[in-house]
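These notes concern the structure reproduced below.
Chain lettering (A, B, C and D) follows the sequence in which the chains are written, and residue indices restart at 1 in each chain.
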Amino acid sequence: MTNGKISEQAVEMLNRAKAWWTTRLIDIRPGVIRIKGEPIENLIGNVGYAHMVWLMLRDEPPTPAQTRLLEAALVAAVDHGPQAPSIAISRMAVTCGAPLNGAMASAINVLDDIHGGAGQQCLALFQAIDSHAQTRPLDAAVQLALDGFVAEYGKVIPGYGHRFHPVDPRAVRLLALVDAAQASGEVEGRFARIGRQVEKALGERTGKQIPMNIDGATAVVYGELGFAPELARGLFILSRSVGILAHAWEQKNQGGRIKGPMPPDLGYTYLQDN
Amino acid sequence: MTNGKISEQAVEMLNRAKAWWTTRLIDIRPGVIRIKGEPIENLIGNVGYAHMVWLMLRDEPPTPAQTRLLEAALVAAVDHGPQAPSIAISRMAVTCGAPLNGAMASAINVLDDIHGGAGQQCLALFQAIDSHAQTRPLDAAVQLALDGFVAEYGKVIPGYGHRFHPVDPRAVRLLALVDAAQASGEVEGRFARIGRQVEKALGERTGKQIPMNIDGATAVVYGELGFAPELARGLFILSRSVGILAHAWEQKNQGGRIKGPMPPDLGYTYLQDN
Amino acid sequence: MTNGKISEQAVEMLNRAKAWWTTRLIDIRPGVIRIKGEPIENLIGNVGYAHMVWLMLRDEPPTPAQTRLLEAALVAAVDHGPQAPSIAISRMAVTCGAPLNGAMASAINVLDDIHGGAGQQCLALFQAIDSHAQTRPLDAAVQLALDGFVAEYGKVIPGYGHRFHPVDPRAVRLLALVDAAQASGEVEGRFARIGRQVEKALGERTGKQIPMNIDGATAVVYGELGFAPELARGLFILSRSVGILAHAWEQKNQGGRIKGPMPPDLGYTYLQDN
Amino acid sequence: MTNGKISEQAVEMLNRAKAWWTTRLIDIRPGVIRIKGEPIENLIGNVGYAHMVWLMLRDEPPTPAQTRLLEAALVAAVDHGPQAPSIAISRMAVTCGAPLNGAMASAINVLDDIHGGAGQQCLALFQAIDSHAQTRPLDAAVQLALDGFVAEYGKVIPGYGHRFHPVDPRAVRLLALVDAAQASGEVEGRFARIGRQVEKALGERTGKQIPMNIDGATAVVYGELGFAPELARGLFILSRSVGILAHAWEQKNQGGRIKGPMPPDLGYTYLQDN
């Protein structure tokens, strides 16, 4: 071996270094960017944001019907006003001097198990029901899965009921879109059936109507589309990010410095021990 | 005043509390969610994500042509691979145990002035040129604005040149879409002209080709569409969030625990004082 | 009721608003700031940072011996170099343009279950052993708890072994400090015994020495001091924040723009499907 | 050169990789951790948190007097209650399901220019005055620097005045500690003089007392200790992190799910265009 040749040891070390980060998502060479094998210039202007989201998260490209349903779900959850902690945090961050990226980061960060995880938990429940239903009737599968869920997590079933909306208009609309897609053979409708059966079972268990909310309806959509439960959270974040950005921007234009949650004269309660 | 009436003082205090957070974006009542006056159920399934982004950030709804251009820009910047700090951070965060929201937050947070601000800075430069060009020829306006920019920020002009791509395929494609929109009268093409004139001027100043990159091309698009410079950063974040999510998800499926930036045996350099 | 009086309804509403955030930590009035009842000016200059940390997290003030042990643990974990994801992220964030607060936030955020949770998990294990040991000999309690832990979480026991250090010098020193505090009657030494018994049991189970690491040793300290497991994570964050800040600052002074994890010519591996 | 030898080219590439991250802060080898050359086991139990902070951020170790002043400043700013946006965000984050690291990250992130930058800006002003005072009397230096500051940033001088406290008890105490340190020859007192001269000048300019607040007083301390202005922000973060952690923990123990900034029945104001 001559002086100029790279030795086996070094080659091995460099290869391990190059293999430290590996991806199937993107191939970049000078002048070339390919997403899942497709040159980026073929995608720009030809496919939409929702198509791109699917392409990056799934093995196969979406059909137009799948893209439409995904897009509907992404549109549905963009905002729920400045009383939602994520939105409030985005606005407060701006008044602290944070740039848009900082405001968005602080806000997105709190879309955790409770504020951003209901869709994920609901989809996991639906998938458990779907699995149970391979070997038993749907209503038995629902009861079995609900019992398991309640035993593990308690009585609040994610995706059902809303402390503010008697009926969630977003859920009604999303379910109608799933029904239409099923009617035209574009989705199976299995998760819509599951979702409605859960609603029925909750009504029987509690003696009152607890209608599906936005998290339940997006779980139905994402279930029909074959997404993993965890991605229900990821997709919700892409959706809510629009509202988070818009409220940050609105607050920036309104001005205000170091805005706490409430007017200073309202204040908080100091609990003195005694 | 009778016992049952709310006193003026309390009403005033409650009103100030209610006015602490104000928004024109969204109106929420039991069973009703209106975005910029439009019931959410009329938007879901009828408009796409890019339309929704526009609606939330602007005073007027977009035309279909505007939506298409905005969507093209949102698609263009979704990913640039695991060597980009934002993407690397998202993947590292997952190996530290962070959920998707946490990984996305840590990553989006670093889309700051240098890693995420080039589009904003470039659009601000373009708008300055556009303003100068009201009263002088375009090439003079470009020289004036470039001199001002260099005096304030130094020689690196954001939106031009790429350390990896001799020509950025995303920029070429985006400019072609702007040209087509101009040809059909959908945009004026003023910012495309400005962008190209800057490229020409940089070539003359430096003696070498420094072609427009993705940040320059999206600045052209956002300029044509009338967005404020700061929103160029916000829109870039919505775009790159797709890649950030997809890489977090891929890393989660790959596994790995507490992955530092490089293989441990490569390590870092300790600089000993002596 | 006269005109000037605040009605019951409004008073009730205002009271609920004031009770929305409640705290026992701090009482603030014009010109007065009291932490757990103590005027802040009596604390400043009279107690140290570690004392203050304890005061804010616990019901009773610390003894000097408790403060010393807590401070030792806070000092021990400040840094483990730029290969730790948290530190690397802090440095990368600075090269993206993030201010110190942004760099620290992105970094602290990844101190999650895997990168920042070992102390918490280890302390929870120790407390389970301590509880089992009320009714059986310590070695049986350790076996019982280890079996439970392995069944639930797998074979890796947090707080033991280090991929880099055969013996962790921080753990040795912290244990010596606990032993000294026990010898002088300042702590009971119950958690030191538990920690060492776990080390012994792991050696017998695996046939090799798996010595306690920094997370195990801080879990011993925090156990002796009576902290809840979750606070082991919180205290670790206060400690590691020092290193995160210092590396951000060093990187800022070094310069560098958009530094990815590795030199660009080393790059990553694109896994092509075929 | 033989087959087993590492070629020059590979050695060079590997060296560049190892040099990608460089630090003077910490040297780690198997079984060895040295901070600024000092084995970590010599620091644990022998120096306090504040000493460690100094050691990591500065070239020379602190004197005991320097450590005491730094510690006083770190103690002074730990908390200002749940109406501060950073604290409110920490508490809200917990009710969204965020772990302690996530809550702390979202909160620390907003300690940006406005909410966390006053100390930094004030210290930069003080240093400008100190520089001007090399060649002119102190009062002239103050006037010159104030004029420059107002021209660039507007009339609000960071570090002076408080919207809640007529006199900030933290500032009074910190200044007394600086005075005592000056009396015993441990600090020069140059920045205390500057700070007081600014207070005097502001009184003359505005016709009312605008006393130094916590940010002004910590800027005096950090100025006396020779810290760079940017580190005034970093040190404030280490301090406020204690309060952020403690409020997160208190909220966690209080419970509560998805707590928005205000009680839902108080709500926000929708501004309808008309």
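Everything that follows uses one rule, which is that contacts are C-beta pairs under 8 Å (C-beta built on N, C-alpha and C of every residue); 3 or more make two chains touch, one makes a residue touch a chain.
Remember, predicted model here, so these are calculated numbers, not experimental data.
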Far-end chain from subunit B, centres as C-alpha averages: C
Which listed pair, C-D, B-C or B-D, duplicates the contacts of A-C in over half of its pairs: B-D
Subunit A and subunit B: spacing of chain centres that average the CA atoms, whole Å: 21
Rounded Å distance between subunit B and subunit D, as computed from the means of their C-alpha atoms: 30
For subunit A paired with subunit D, centre-to-centre distance based on mean C-alpha positions, whole Å: 36
Residues of subunit B touching at least two other chains: 13-14, 17, 20-24, 26, 28, 81-83, 88, 99, 102, 105-106, 109-113, 116, 164, 259, 261-262, 266-268
Subunit B residues within the subunit D interface of the complex: 14, 17-24, 26-28, 37, 102, 105-106, 109, 261-262, 266-273
Sites on subunit A touched by subunit B in the complex: 13, 16-17, 20-26, 28, 30-33, 35, 39-41, 43-45, 47-50, 52-53, 56-57, 68, 71-72, 74-76, 78-83, 88, 91, 99-102, 104-106, 108-113, 116, 164-170, 172-174, 176-177, 230-231, 233-234, 237-238, 241-243, 245-250, 252, 254, 259, 262-263, 265-266
Contacting residues of subunit A [partner subunit D, same complex]: 1-11, 13-14, 17, 81-86, 88-89, 92-93, 95-99, 102, 105-107, 109-117, 163-164, 257-262, 264, 267-268
